[in-house]
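You will see two complexes here that share subunit A, one where it goes with subunit B and one where it goes with subunit C.
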Partner chain A sequence: MSDLINVIIFLGLLALGYFSGTYFEQQHYKSIKKREKKTLYVPTVTFGAKQAMPEARDAALFAGSVVIGADYFKTFVSYLRNLVGGRVVVYESLLDRGRREALLRMKEQAIAWGATQVVNVRLESSNIGQQAGSNKGMMAIEVIAYGTGVK
Partner chain B sequence: MILTTLEGVPGQEIVEHFGLVQGSTIRAKHVGKDIMASFKNIIGGELKGYTELLQEARKEAVERMVSQADRLGANAVVNVRFATSSVAQGAAELFAYGTAVRVK
Partner chain C sequence: MKYTPKEIPEEVNVNVTRVHPLVNFAYLLGTTIGVSILIYLGLGFAAAQLTTRISPEMEIKIGQSLFPKGLFSSSLKNQERLEYVQELATSLQEDMGATRIPITVHLWENEALNAAIFPGGNIVVTTGLLDAVETENELAFVLAHELGHFAARDTLKGLGRSLVFVFVTSAIGLGTQDAGGLSAVVSTSGQLTNLHFRIRQESAADLYALEAIIRRYQHGGNSLDLFERIKVKDSRGKFEEYLSTHPLTQDRIDELNKIAAQRGWLMEGEVTAMPENISNW
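What follows is the complex of A and B.
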């Protein structure tokens, strides 16, 4: 009997994770696409340090960051993936969302300041949820984007 | 204090170098945020509590770097880089470094 309850709880969490995770992901992608279109007029480039200084009268540092977590369904699928190996598609979209969100937050701050361009952008991500090498703890990945806004 | 990720400040010239400056802080997450985050790990989405915590911590790391540059007499820090690393279960180090310079 208690085994059955455990299975039901597990399936319930899996379904909750799947439906809410998919819902949040769709909502997030919608908002990302909308904001990316809105901020498209400010170019963001990853070069700048080795070039001649851009023509500008003012410069400032901007950083955008986001901590993302997986849902129960994604965690379960990645466990299964670990058995056979290969691409973990569920985490790819997660990291893609995080990176784009961090870039957008950086850009929005820069635009609010009046930037005409964001140069020498760097992206960084690190796992803060668990110790390296262990599978304990939850998934929490910080993605940070930073660059120099010029105007 | 001007901060940039470039090797100089646009429109201005570097007149003096002061070398590397850095600032770091190690933050632990508190239990309440941990519980919220593990709940979020079931339904998915951004862990807002952690985002705010790390943004605050990063601000402090930058402030420490800036005050170090201030003491040296610099008015800008160029080529700034950030790094984050998990040093222990539940604690993260945030780190900012750059080169202190005086620009004109």
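What follows is the complex of A and C.
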């Protein structure tokens, strides 16, 4: 009987993770797409060492960072994936959202400051919330986007 | 160079694989369950093969180290009952020729209606069972059922499989450092595989028991009466039946009657009563 209860709790958590995770992901993507369109007019670019920098009166550093947590469903599927190896499809959307959200946060700050473009943009990502050397603890990723806004 | 903003394409996102998460999940779950069942079956089969090579001396040793003897020290008033049950078990054992090691019967003073076999030929019978049986035929069937497990070395096989089971689950726990859901999936598939083994063992033991009864009494009459009586109390549903090792009693009775009819075994005959001092307490 206790086995049965465990199975039900497990399936419940899995369903909760799946439905809430999917819902929040859809909401997030909606917001990302809307804001990407709104900020599209400001270019984010990278300059090579021998390229002339654009004319600018003023420059400032902008950093946007975001932390996104995985849901129970994603975490469980990733454990299964770890057994056989291959593309961890469930985490791809997590990182995709992280990168785009971080870029947006950086750009939105720069636009508020009055930037005409953001140059030499860099992206960093890391997973956080886990104990060193183990898979236990919270599964979350952090993405930081930083660049120089010029105007 | 002039910067012209480019429209972001609406639905094509190359950075996320276009596969439905649930499809992906089903595939992964199927693979994991399938592989763990295969590993479990394979290692379980190997364990069962090895148990048939265990010598009787070794079997007795295993039994001694595993059987909690102290639990079943029956009081003096039960001594006569114990001797009677022991005698019955031994004579059944001799009838069937399953004499690789002697059977030892232990009485457990408990109201529950149960009997069980442990490694090393140890059979535990509850006093509740002795109170419930009305004829020797009924008691003999229960003992012969446990004897069937003994003859097939089911307890040793179960022991081997448990070891395999613990080994596999802990290996997964160690290897991936995740306890949580993954080892739960693997262990549940293992348990279900084990269940499959055990249900088969139960039916085999039932058949063995009926055969022993026929040999001893020349008929199977009254031997299933105990099941007929307790089935009224049994209220397990279909789902619980699936998760339990013993089949529902009605199914057991029907199955045995069917086999008896096929083999031409007599299912009616003279009742052998329990000795007076055993049945009346």
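Rule of thumb we're sticking to: the second predicted complex is superposed on the first by the 145 of 151 C-alpha atoms of A that agree within 3 Å, B and C clash if a C-alpha of one lies under 4 Å from a C-alpha of the other, contacts with A are read in each partner's own complex, and residues count from 1 in each chain.
The criterion applied here is as follows: a residue touches a chain if its C-beta (ideal position, glycine included) is under 8 Å from a C-beta of that chain, and two chains touch if they have at least 3 such contacts.
These figures come from a predicted structure and were not determined experimentally.
Colleague: Specify the outcome, clash or fit, for subunit B and subunit C once both structures are aligned onto subunit A.
Modeller: Aligned on subunit A, subunit B and subunit C fit with no clash.
Colleague: Tell me which partner touches more residues of subunit A in the superposed arrangement, subunit B or subunit C.
Modeller: Counting residues of subunit A touched by each partner, the higher count goes to B.
Colleague: After the superposition on chain A, what is the angle at the C-alpha centre of subunit A formed with the C-alpha centres of subunit B and subunit C, rounded to the nearest 10 degrees?
Modeller: After fitting both complexes on chain A, the angle is 120 degrees.
Colleague: If we overlay the two complexes on their shared chain A, which of subunit B and subunit C does A:Ile111 touch? Say first, second, both or neither.
Modeller: neither
Colleague: A:Leu123 in the overlay: touching subunit B, subunit C, both, or neither? Say first, second, both or neither.
Modeller: It touches nothing on subunit B or subunit C.
Colleague: Would you check which partner chain A:Glu92 touches, where first means subunit B only, second means subunit C only, and both and neither mean what they say?
Modeller: Second partner only.
Colleague: For A:Arg57, is the partner it touches subunit B (first), subunit C (second), both, or none of the two (neither)?
Modeller: The first partner, subunit B, only.
Colleague: For A:Gly69, select first, second, both or neither according to whether it touches subunit B, subunit C, the two together, or no partner.
Modeller: A:Gly69 contacts subunit B only, not subunit C.
Colleague: For the overlay built on chain A, what is the smallest gap between any CA atom of subunit B and any CA atom of subunit C, in Å?
Modeller: In this superposition, no C-alpha atom of subunit B lies closer than 13 Å to one of subunit C.
Colleague: Touching subunit B in one complex and subunit C in the other: list those residues of subunit A.
Modeller: 73-74, 136
Colleague: Touching residues of subunit B toward subunit A in the complex: what are they?
Modeller: 2-11, 37-38, 40-48, 50-51, 54-55, 58, 62, 79-86, 88-89, 92
Colleague: Touching residues of subunit A toward subunit C in the complex: what are they?
Modeller: Residues in contact with subunit C: 3-4, 6-7, 10, 14, 18, 22, 33, 36-37, 40-41, 43, 73-74, 76-77, 79-84, 87, 89-90, 92-93, 95-96, 99, 117, 134-136.
Colleague: Help me check something: in the complex, which residues belonging to subunit A touch subunit B?
Modeller: 13, 16-17, 20-21, 24-25, 28, 48-50, 53-61, 63, 65-75, 101, 119-122, 124, 126-132, 136-140, 142, 144, 146-148, 150
Colleague: Going by the contact rule at the top, pick out the subunit C residues touching subunit A in the complex.
Modeller: The contact residues of subunit C facing subunit A are 3, 5-8, 10, 13, 15-17, 19, 21-22, 24-25, 28-29, 31-32, 176-178, 180-182, 184-185, 188, 191, 243.
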